[in-house]
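Every chain is named by a letter (A, B, C and D) in the order it is written, and numbering of its residues begins at 1.
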């Protein structure tokens, strides 16, 4: 028995990213927006003009994290606090686990087929942009 | 005295990438195409459907290398061979120096303002795609 | 459309570092002082006699962090605490994000053109030295 | 019995670097110049305007290598070629061993007390700059 899985295409990723870029422009938060596939590997990324250089890595890894655990990063954040059940998870996976808002799984027919990650603004701004991006999927 | 330097914009990067994607489709070589700015930092990336997952990193780092040394990676390749003057340079910069074809600096008025990196096919295919991408700049 | 951006020159960096060194001597806190350019890449660094060896990396990465997020590292520190919006950001960028005092962006005409990072003493001492260094820009 | 060792001071390092910078300007090869101490740890570094960004790491690690093995890096280069006795040494020390010209130990009374590393030009240019730098010690 093989496992079948579906994954976002480049076309999907670019549509998701364009929606994120549009929302980021609208709320005035220059952002990095990245999409990974069902394997957690990068499909596409953009850094808007004047967005933080340090957020390249973060956007890609928020997307990775959301797919790696099929969980939005802001939900994971709660579990990663001191005293909580996943405290320390951010040290795993060679530093790729991001435990703050902005990463959201992309689902089709209930199945996670990829994820989007956004970084460049406050946690609230990143979440807003990521939700707009995911909604275009 | 500050130094003024110019850098590719996201719009530039997306035009360069679209040209690379178009050439890659034409020659049947599903590719990763990445563009970095004047500081060597990622501006945009795509992985075409069915392109190698291991080439995500390579495409980004070919672009990095072409800007880090203001040199096409296939030119650097010759100097990095055993017995040549830069033999071993591929061990520097935490493994980010790629010494095979597919990375090309982007120049405006003689100044390097970024670079493009392509990975997914043979060295010849990657170089062909990178040249088509760079020509759109 | 290319983006024009300005960056610190070596001459700028050396003036900033000399001011940091002078302040560090005055307060008796042997320090590492580093300056990065607009791309986050190192321009110059000194380790004063008897300053901690482990602070070489920290000074360079405080400067990187201040430019990567256009934010002083002690401001980022507050946001990186448990429960705060950027908790866990210190795991990103391959361990280069420093979330304690001593990194300050260098601005010209409101634009971030580089950053200075200081490490070697207490948080308060590092901050004092970094402020004296940045003031010379 | 304790082992006594001497090491370059920051003042030494800055004199060595200034001599390197002067020679680099004279031969028209914008360079990175770095000095490490007897422990192999960075004392000071400069990147001249327009010198390659990828050479920051290389200059520091050429200096590290020259001290780590008390050997000029161009001598080590010969031993690191395929078939030679130290082939593969460039994979050790987490990628810090540079096996091409430009790193020279600094000696006082026959004892290695630090090293200088230069990167930014051809192997020949880097070697010329490193020799001028070391001669100022």
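Note that a residue touches a chain if its C-beta (ideal position, glycine included) is under 8 Å from a C-beta of that chain, and two chains touch if they have at least 3 such contacts.
Predicted model, so just to flag it, every value in this text is computed and none were measured.
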(message) Using the stated contact rule, I'd like to know whether A-B or B-C comes out ahead in C-beta pair count.
(response) B-C
(message) Please tell me the distance, in whole Å, between the geometric centres of chain A and chain D computed from their C-alpha atoms.
(response) 42
(message) So the centre of each chain is just the mean of its C-alpha atoms; given that, what is the distance between chain B and chain C in Å?
(response) 30
(request) Go ahead and note the Å separation of the Cα centroids belonging to chain A and chain B. (result) 25
(message) By the touch rule stated above, which residues of chain C touch at least two different other chains?
(response) 3, 9, 39-41, 94
(request) Could you classify the connectivity of these chains, where an edge means two chains touch, as line, ring, star, complete or other? (result) other
(request) Please give all chain pairs that are in touch with each other. (result) A-B, A-C, B-C, B-D, C-D
(request) Could you please specify the touching residues of chain C with respect to chain A in the complex? (result) 3, 39-40, 64-65, 67-70, 82-83, 85-89, 91-95, 97
(message) Please output the residues of chain D touching chain B within their complex, sorted ascending.
(response) 49, 52-55, 57-58, 61, 77, 80-82, 90-91, 95, 97-101, 122-124
(request) Spell out the residues on chain B that touch chain A in their complex, using ranges where they run on. (result) 9-10, 13-14, 39, 41-49, 53, 56
(message) Give the list of chain C residues in touch with chain B in this complex.
(response) 1-9, 11-12, 37-41, 94, 108, 113
